[in-house]
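Letters A, B, C and D mark the chains as written, and numbering starts fresh at 1 in each.
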Amino acid sequence: MERLAFDIAHLLAGGLVLLSFVMLYQDRMNGLIRVFALHAVVLSLSVGWQAYSQAAPHLYITAAIALVFKALIIPYALHRIMVKLGVHREIEIVGGIVPTMLLGIGLTALSLAVMLQATEATTADPLAREDLAFALSVVLLGLLMMVTRRNAVSQVIGFMTLENGMILAAAGAKGMPFVVEISVAFSVLIAFIVIGVFLFRIRERFDSVDIGALEQGRGDRI
Amino acid sequence: MILDVGQAMTAVLAIPATAALVLVLIPGYRLPAALNFLACAATFLSALTLLSGTGATGDYLFVDDLNVVFVVLSTFVGLTTSAFSASYIGHEIAVGKLRPAFVRFYHAMYQALMFAMNLALLANNIGLMWVAIELATLTTVLMVGLYRTSEALEAAWKYFILGSVGIALALFGTILVYVAAQPVLGEGYDAMVWTRLMQKAAGFSPSLLNVAFVFLILGYGTKVGLAPMHAWLPDAHAEGPTPISAVLSGLLLNVALYAVLRFKMLLSVNEQAIKPGPLLVVLGLLSVIFAGFMLYKRRDIKRLFAYSSIEHMGIIAFAFGMGGPLANFGGLLHMTMHSLTKSAIFFAVGHIAQVKGTQSLAGIRGLTVSHPALGWGLVISVAAIAGLPPMGVFMSEFLIITSTFARAPLLAAALVFGLLIAFGALMLRVSDVAFGEPDGPVGPIEASIWPLYLHLALVLAAGLYLPERLVSWFQHVAALLG
Amino acid sequence: MDVTAALWCMAGFLALSLLAIGSGGRGLVGTVIYAGSAGLSLVLAVIAVHVLLTASDVGQRLILPLGVPWIGARFHLDCLSAFFLLVLAIAAGAASLYAIGYGAHEEEPERVLPFYPAFLAGMTGVLLADDAFTFLVAWEFMSLASWALVMARHRDPENRRAGYIYLVMASLGALLLLLAFGLLAGPEGAYDFTRMARVERGWWIEGVALVLVLIGTGSKAGLAPLHVWLPLAHPAAPSHVSALMSGAMTKIAVYAFIRIVFGMLSLPSVWWAIVVMLAGAATAALGVLFAMIQRDLKRLLAYSTIENIGIIFIALGLALAFRANGIRWAAAVAFAAALLHVFNHALFKNLLFLGAGAVLSATGERDIEKLGGLIHRMPRTAFLFLGGCVAISALPPLNGFVSEWLVFQAVLMSPILEQWSLKLAIPAVGVTLALSAALCAATFVRAYGIVFLSRPRSLQAASAGETDRWSLGAMALLLGLCLAVGILPGLVIDLMAPALDQVMGATLPVQRAIPWLSFIPIAEGRSSYNGMLVFVFILSSTLVTVEIVHRFGSRQARRGPAWDCGFPGDDPGAQYSASSFAQPVRRVYGNVVFGVRETVEMPPPGDPRPAHIRVSITDYAWRALFARVGGLVDRTAGALNALQFLTIRQYLSLVFAALVLLLLMVATWR
Amino acid sequence: MALIHDLAVQGAQMTLVLSLAPALLGYTRVVKARLLRRRGPPLLQPYRDLAKLMRKEVVIAENASWLFRTGPYLIFVATWVAAALVPTFAQGLLFSWTADLIAITALLGSARFFLALVGMDIGTSFGGIGSSREALFATLAEPAMIMVVFTVALVAGSTQLSIIAAHMLGNVGIRVSLGLALLGLIIVAIAENARIPVDNPATHLELTMVHEAMVLEYSGRHLAMIEMAAALKLLLYVSLIACIFVPWGIAPAGAGPPAWLAGVGVYLAKVFAGATLLVIFETSIAKMRVFRVPEFLGGALMLGLLGTLLLFVSRGL
């Protein structure tokens, strides 16, 4: 039974990293939102499985929150915003797909090397080490996505994937006390509200979500 | 009603929390401002009683030599800033730059920020500290966007994105620290309590701690505003309302640096882990020299002093990076002096911007002629921040530079170069702003000058005479910091 | 006991400045402040003389619980600081007396009154400080107060620029001193001077410390490449303040150099002496050549301050050379020459600046091209200013000659040094010294001739009136002192003997015992000079000559138009102007030292426009050092400024790159 | 009693110097005329000129100041005191200890200082030209003089003239540095006394005159004082050269009246021989352009510096 639990957790975490790569590849907004929803689903499955294998009931709540918020509500809201702004067919990526993907691969390799080296002495449990390594790569990929995207919504989605990586890492660390879950959820909630407020505000001001439009307003212009 | 230390600790948190909730319900502006001031006063008094005790450690909160000074400092600066903000925001509404609707949640956010900062300082749990700093960031994001101008929105958006990324990295660092502590302290709650972590830190795996420290220094470093991660700070200061800039520069940067200090203490206990010193020194020097050069081309007075905050945070990081009793003592003293002086500067800048109706340096001339009290207040406080002797900042810089010069002459020379560059820029701007023929509106202002001169008096006093108690605290903590 | 009294005087100065702030500087407050300062300076003078006479070290130390917590603020009034305290007290007393009368002309007194006593307190503090922290606090407090005084006339952008350059240079000097103290205090932080003197150090550490101190104090005193701020800042302040800045503050910088180099550094080496001497020689030559071509009277005096500082540093360099070779008595003579010139320069430079202030307040004009003929309208000021010019040009009856003579005697003693580098350096320094002494005389002939003699060249000069009694009193006091020191130099040498003994361990022969009160620095046969007899000789010969001429020759005198070889030249414009007087010297020395370009614009024939001659003078030190560094900083700031206008994405990539870099470092670190 | 005796001898020297100076000037004019194959004015003509000037009434410009009237006396006295300090027929006189060679140079400097000042007092362009050129020549002549003083002082080990003269009598012998110093001193003497190559004493041509331009406005007894000071300065320089470089025949300190008489005889011979050499040099050379004089004086400065450098490098040179 031990072997099977490890394989499933390993599969789900790897799936999450794969989905991050897929999202890097996406250049259509609609596709991006759908993949993000899938990303959240896989995350909740992984956390749920962690809860099952560590027999820690509170992880179920986190999995539920991840599922409800990140998989359903946020993608639907983002989709509605996209449609209203009429931006959903926009294609935007900076620096081309291939270099981004290569950079993604490099980052994953780096995170694996760093985390495996760092954790080899401490936890005998391979699952925790795997989880941390994958979590770090999801975080780095999320950050890469934020860096290479020009659109405000895609940046927010990048940030969301970064948060997903955090939840994966938190779940991976056995016995992480209750406080951390609440905090992650708390940040998701707040992030969404604030982003929402800004998006509407931005739309009211510039009628476009493109961050480039935001930048001329910067103070101290020469 | 003399509270003992435990009660005082809870009071310091309870008062701002309840005040925040109460203020959400009250509309209008006059009453909330007064209530805000009273809440801050009450918090400050309860923080004072903390001084009397010898420190207490609870499950979630604890008081020791390091955070007691900063709690008192942040409540004091919070108090004076609330007094300043009462007259500032009143004037902004009167002038019409701020519609009452925007200000609806201002005081509630202010108290929430106070609560978050006190919680971060007193938290005995690294997770709880992270939550508190996250809350502080989010409240300041909302307040930076208060004016709803396009620049304010852009600054708030930039602050949110960079802040959140920083906080996320810090969270990952915290998780790694938990993972490192888990085998020694067992699962669950114990592996995140500061006091236990400090006792058992020697047993943690050094390699994991190193990776954790990388994430923590980058995460909380973003909140401190060190060089590569500083981008949010100048715009957040320039576009947000001035009381928030004062609180941001005076306190929030200190709280974030306090967090970095805590983790540096953790690493210094564990020998095999890499010494965090060189990393902090590099970041510090980079910030000092980078900010020094950026001061020259600034056109907005608040952005000018925002870069000066980055420079001073760089000096403090440099001091803690160098380590050793003298440099650490200088660093701690510099944190206190910088927050007092920088908030005084922002008080002056706030009123100057209101009087002249503009924040651009070109539009402000001859202040010492049109508004002597305000003009000379600005000149003295800028002289203080530039590190000229009679004021306190000079004593900390004196200790930092002389102690480093004996051990690493080149580093001290680089720091002095950065200081001189920054000094040149600051004095160039002040001599244009404060002297010369006054132009633009010169109407009288009903500004509250006493917070500005109260801070300057404290800084001058610290420059000449440091009370025995404060010295013993700093020396004890300096030894702890390694 | 003396230290506490001195500290009470310092507290008195600070109280005066607080009083000035409180009262807003209107009405009688000015007189009260200046009278108070004069009184306190007198008390300081008495204390200094008392310490010098008793020369005891009891009761001279005091530790207050201020400043750096575990060291406290230490104060120590030993003989060396007592001598400089005397110099400061005389200069401050005279300037304060002068200011009682002169202060009334100030249009914004509230900007000068609070900072004047603070400036004096700062200077006294530097002399009394006995640990690095208090020293630097007093040092920068002095710079800050004098910066505020320079900014008193802030409405003129030129003054603001001068104030800014001055403050940046002062801060550079202070930071270098801070580094020097850091080096000397060593890792365990021996910040108080007594322990700092006993710390064991490698020779190269002392070498670096010397260079830092030389630049730090040299920039404040006005040593050659760093002197450029001095002629901008000193004239910008009110006259009694620029008198103090030139007369006293530069001396405080010399005191700091002596206190650190002779007090703290234990193993002097020969190259130190050469560096100090060459810097002094370059400063002297540069200072006086620039003074020769100045058109602004106060800037001319500031440049001549730079020249005299050069002479003092030459003497100090000689003292260092003798000390490096262990010849203590010769080092004492050279050091006595330096201290005597410090004393004399404080007297006559103060006198000249106060005179310039009187001319400025009477005519409202600083450009000497527009003055002239003031001797008829301001006879007493003209006489006192003439005394100052005679003193500074080192002419016998007055004190300037005595210190110059002693410096020459020190140079003449130096063949006993055997290092080859010194054997070549000292003659070169000697010839520069002689050249700058002669040029100084020419400069002040020009200054006095153009300002006071000949016919008024402008309406203001024609309508000038004599200054008030207080100013004349202060100037007369200084001239009297100049004459007294010129006649009886032995007294000053005996007064400074304890200071010489403390620093050098050897003193000059006791001067009181010498018959006829003549002044013999080294030995009977070697050289002696009797100021009093020369003065009596000149006085008696003059009386005899006047008596004979008036008895045997005629006494009649008749007024008539000037002969001028028959040319009817009554147009004041036809007179020799300041720049035409300096034209020969400019032409001979010009292109080497300050790159003179004389461009003549002749209009084409038939064009009525007047022809112009433009003289462009470039100060190489300003161009090579200040302008270049300023340009560099500006360009770097411009380049870095682009970082303020990046997009959020680019900022994020900065953070991202930092994270990846650190992770790589951690991964590959093991 | 001894004090009165010493005072009397010092007074004798001062009167000797005062009376001899116009004679020396007259002698130079006579010799110059003879060399130019003219008869020239009688030897005692300068005395008559001075007596005439003394009696004549003084005409002063309207805007002349008190300095203009007191100037001539100060200039004359400074030069007279300097001349009195130079040992002529005897060494070690009473006042010789009061001032050494540097003080004498400085006294001459103060005479020149006041001369330049009074030149500018009236505010005519000629006064300005004279003072400006005098200032330029002074900036080179005085350092050259000080360098010569350095060389001589380093050889003799003291700056007191009496000790130098006594030392030169003894074992000095021919030295390169002393040769350089002599040449330097001669050049400085020519420049200071406004002799031919630097300035023409006889002419009134505006463009060339330096010394004359400054004293243009003087008349009567003031002009007499100035003329007397110029003559004294010439005598001082000649006796200075004689005292340092040709010290034989000067009565040693404390010698009796017979030695003084012999001393006076030898001194007169030396002075008039020197004057003759000076005039011969003057007639054999033409006046230089104003801006070539700085090179001429620069040469003297370099000679002095070279002499000092040689003595710094090794005691023997």
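Here is the rule we use: a residue touches a chain if its C-beta (ideal position, glycine included) is under 8 Å from a C-beta of that chain, and two chains touch if they have at least 3 such contacts.
Given the structure is predicted, the values throughout are model-derived calculations rather than measurements.
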Ordered by label, the neighbours common to chain B and chain D are C
After discounting chain C, the chains linked through touching read A, B | D
If chain centres are mean C-alpha positions, then the most distant from chain C is chain A
Argmin over chains of |mean CA - global mean CA| returns C
Ranking A-C and A-B by C-beta pairs in contact puts on top A-B
Cα centroid separation, chain A vs chain D, in Å, comes to 101
Chain-centre distance (mean CA atoms) for chain A and chain C, in whole Å, is 69
Cα centroid separation, chain A vs chain B, in Å, comes to 31
So, in whole Å, the Cα centroid of chain B is separated from that of chain C by 44
Chain A touches at least 2 other chains through residues 114, 117-118, 143, 146, 155, 215, 218, 220
Flagged in chain C as touching 2+ other chains are 644, 648, 652, 659, 663, 666, 670
Those chain pairs meeting the touch criterion are A-B, A-C, B-C, C-D
Within their complex, chain D touches chain C through residues 54-63, 65-67, 69, 73-74, 76-78, 80-81, 84, 95, 97-100, 102-103, 106-107, 109-110, 113, 116-117, 119-129, 131-133, 135-136, 138-143, 146-147, 150, 153-154, 157-160, 163, 206, 216-217, 220-221, 224-225, 290-291, 294, 301, 304-305, 308-309, 311-313, 315
Counting only contacts in the complex, chain C reaches chain B at residues 65-70, 132-133, 136-137, 139-141, 144, 151, 154-155, 157, 160, 163-164, 167-168, 171-172, 174-176, 178-179, 181-183, 185-187, 189, 191, 208, 633-634, 636-638, 640-641, 643-644, 646, 648, 651-652, 654-655, 657-659, 662-663, 666, 669-670
Residue positions on chain A within touch of chain C in the complex are 94, 107, 110-111, 113-114, 117-118, 140, 143-144, 146-150, 155, 211-212, 215, 218, 220-222
Note: in the complex, chain B contacts chain A through residues 125, 127-128, 130-131, 134, 138, 141-142, 148, 150-151, 153-157, 160-161, 164-165, 167-169, 171-172, 175-176, 178-180, 182-183, 186-189, 191-192, 204-205, 207-208, 210-211, 234-235, 238-239, 298-300, 303
Interface with chain D, chain C side, in the complex: residues 372-373, 375-376, 379, 382, 386, 390, 393-396, 401, 405, 408-409, 411-412, 414-415, 423-424, 426-427, 430-431, 434-435, 437-439, 441-442, 445-446, 448-450, 452-455, 516, 518, 525-530, 533-534, 537-538, 541-542, 545-546, 549, 552-554, 556-565, 567, 569, 572, 574-576, 580-585, 587-588
